[in-house]
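Here the chain labels run A, B and C in written order, and each chain numbers its own residues starting at 1.
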Amino acid sequence: MDLIIEGIVKAFLLFFSLDSEVIGITLFSLKVSGIATLISLFIGISLGTAVALIRFPGKKIVVSLINTGMGLPPVVVGLFVTIFLWRNGPFGFLEILYTPSAMIIAQAIIATPIVMGITLASVQQLPGKLRLQIIALGATRLQMVWTLIKEAKLPLLAAVMAGFGGVISEVGASIMVGGNIKGYTRVLTTATVMETSKGNFDIAIALSIILLVMAFLVNLILTFVQQRKRPS
Amino acid sequence: MNNFTSILEGRNLKIQIGNTVILDVPEIRIQAGEFLSVIGHNGAGKTTLLKMLCCLMKKPKEGEILFKDRTIGSECSLMEYRRKVTMVFQEPLLFDTTVYNNVASGLKFHGIEHSDINAIVMENLERFGISHLKGRSAWTLSSGEARKTSLARALALKPEILFLDEPFASLDPLAKDILYSDLERVLPKSGLTVVFATHDYGDVLRLSHRVAVMENGKIIQIEDPDTVLKHPANSFVSSFYRLNRT
Amino acid sequence: MKRFKDISIVLSILLFVSCLYFVTSVSAQQKHIILATTTSTQDSGLLDVLIPIFEKKTGYFVKTIAVGSGQAMAIGQKGEADVLLVHSPDAEIKFVSQGYGINRRLIMHNDFIIVGPEKDPAGIKGIKSSVDSFKKIAKLNSLFISRGDNSGTHVKENVIWKESGIDPTKEKWYQQTGLGMGQTLNIASEKKAYTLADRGTYLALKKRLALGILVEGDSILLNIYHVIEVNPARWTKVNSAGGKAFADFMVSKETQEIIKTFGVDKFGSPLFFPDAGKKVEDLGK
């Protein structure tokens, strides 16, 4: 119990003394997970909407695959991304293993099925006739898809939250493809693992608390946006 | 009515799922400027016919639809046709935004100049007496207000043909009456062609030029309201008529 | 036309993503080396001191991948690292003889210690021979925590078990963590168990552990670190110049001086003993 209090105190000290390494790690975590989430939104929303709207054989299988993908274990993603990015692997020419790019790719792969699954569900939940109504108002297919996405914006915010929350708290893939390199690919979760194994539990707890507070703040902001837009 | 020219013509419209005939209309001609009511029980094929004529469904393999004597899909592009007609459904299906933006949405789809949209939206809001609601979120409207918004959204597009699929179903009689009066007031001025599906024969009578009676996917009678009233094609039409009168 | 628009959306997304790849891979083009090493060098904090000096001096950017010695060599064997800093001599010799590595050079040593709960249920405290103490632990079925990760420490532990003629792997009192040294020490401490640890990590973590040093000083317990450059003849993509630069840096006089004093201020004694230029046979004498 003393340890936890010590950790909380340490968290405040580290953060408010603007410990450059901790601030750096925190901002870096935000950056990596933020970009990864953005990419996953791009891909997840477009593909999720497409799967929701287009009828094709084997759709049920694809939907089940996406839903399975929502629980994709980060370490599995980490392993495969590592293998693909090895110097002598298929994408070795990119030379991005153990770089932030590799972490962004891995995290985007983790977040994309989450965003896709929630998009799929939220677009499918829209009244079926809404699509016909939009077409009947003279929309092109692009306008129709965009309007549907806008109509599903509230559940889509949940997709943003779930995606970001999933990747910022993820450790397995980040440590495998990023390597936890000091000042380069070290994020809050990998630093926490390392400090724990070093026995610096107070710092580990401090990092965890920063992680928790950050996840909370992001969700708080998103929730505010959501509340503001929800018709009363 | 025979001197009307045909604005829309459907030929060989047939949809069959397994052995069930959903729609079987060898020929239907809609005259320019007429108000055609399509009546029948739920499941008679009214909505399917309207969706088919509005080209919101896959075209049947053999049949074709002609808009002003031009075949849609070849001589007249689908997009061109869809921007000359519109449809209002049973549910208002408003977008999650303000009343104003809802009415403006179709205009934006059509690519109308931003500067022109405001005047058109305001004109149509006034037509239905809902100008005061323009800033309200569409999700907070009463069902009557929502349907007015939905109609204003459709009419703002100045369609040549307006398809109405039971737009007043599940409204209380008073609200329904107000909407009919609104329609009555608005329609003759615009001179547009209306195809109105309903299972509520009595109310629509006063607006209709012709009535098409549907049963099991087929049009079993299509004539002016008086003739349908006096000389029902079969017992079904008369029973349907009586049922709705009592 | 509609198809075209759909395709153009997909293309623009791909473009966006590939731009990102490009931008980020440009930054990765700067000369970097991948150092695969054991957790003990990172967890003890030694690399945090040495690497910034090396980077400043040479301009290389070092990507340190801290894993067990076994995994470090597996990475090197695939050409996915440029230089290794490891402590598993037998495996290292095999690694080099198979042509995966070149220029294996002695860097430093410290020693392994057998640690356990202060109460010492197996009564091994003071025993000189680590083989005898392992035998006693086995005889009394005292809980023993193993790294179980093919690391240098794990390999050393296996050697001792082999010498004592015991195969503990199927025993209930023998548990494998598959984790790094720090984590394994934490677990041993929590479970009041014995484990084999390198002195450096143990000293670094000592303040949090309820474990004492029970057996030390046996010659078999010597923990020797070598640096090995990955053979560029085998893998063309290996940054051999960078790997060599790092290896040279490790044996340089300046670095050896730092190793000599590292940890003295914090733990009262050094964590590693610099050995560059010496012979393995002379260590610990």
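To be clear about the criterion, a residue touches a chain if its C-beta (ideal position, glycine included) is under 8 Å from a C-beta of that chain, and two chains touch if they have at least 3 such contacts.
Note that the structure is predicted; figures quoted are calculated from it, not measured.
Q: Just say which it is for the chain contacts: an open line, a closed ring, a star, complete, or other.
A: Looks like a simple chain-to-chain line, open at both ends.
Q: From subunit C, which chain is the farthest off, judged by mean CA positions?
A: B
Q: Can you tell me which chain is nearest the middle of the complex, judged by mean CA position?
A: Answer for the innermost chain: A.
Q: Based only on mean CA positions, could you tell me how far subunit A sits from subunit B in angstrom?
A: 46
Q: Compute the distance, rounded to whole Å, between the mean C-alpha positions of subunit B and subunit C.
A: Roughly 76 Å separates the two chain centres.
Q: So what's the Cα centroid distance for subunit A and subunit C, whole Å?
A: 32
Q: At least two other chains touched by the same residue of subunit A: list those residues.
A: Touching at least two other chains: 140.
Q: Got the subunit B residues that touch at least 2 other chains?
A: In subunit B, nothing touches at least two other chains.
Q: Show which residues of subunit A lie in contact with subunit B when the two form their complex.
A: 127, 129-130, 132-140, 143, 147, 150-151, 153-154, 231-232
Q: Mind listing the subunit B positions that touch subunit A in their complex?
A: 51, 54, 56, 79, 82-83, 85-87, 89, 91, 93, 95-96, 105-106, 108-110, 137-140, 153-154, 157, 163
Q: Report the residues of subunit C in contact with subunit A in the complex, numbered from low to high.
A: Against subunit A, the touching part of subunit C is residues 2, 5-6, 9-10, 13, 16-17, 20-21, 24-25, 27-29, 34, 39, 42-43, 45, 48, 51, 61-66, 78-80, 179-183, 185-186, 204-205, 207-209, 235, 237-238.
Q: Given the complex with subunit C, which residues does subunit A contribute to the contact?
A: 35, 39, 42-43, 46, 86-88, 92, 94-101, 104, 140-142, 179-182, 184-185, 194, 196-199, 201
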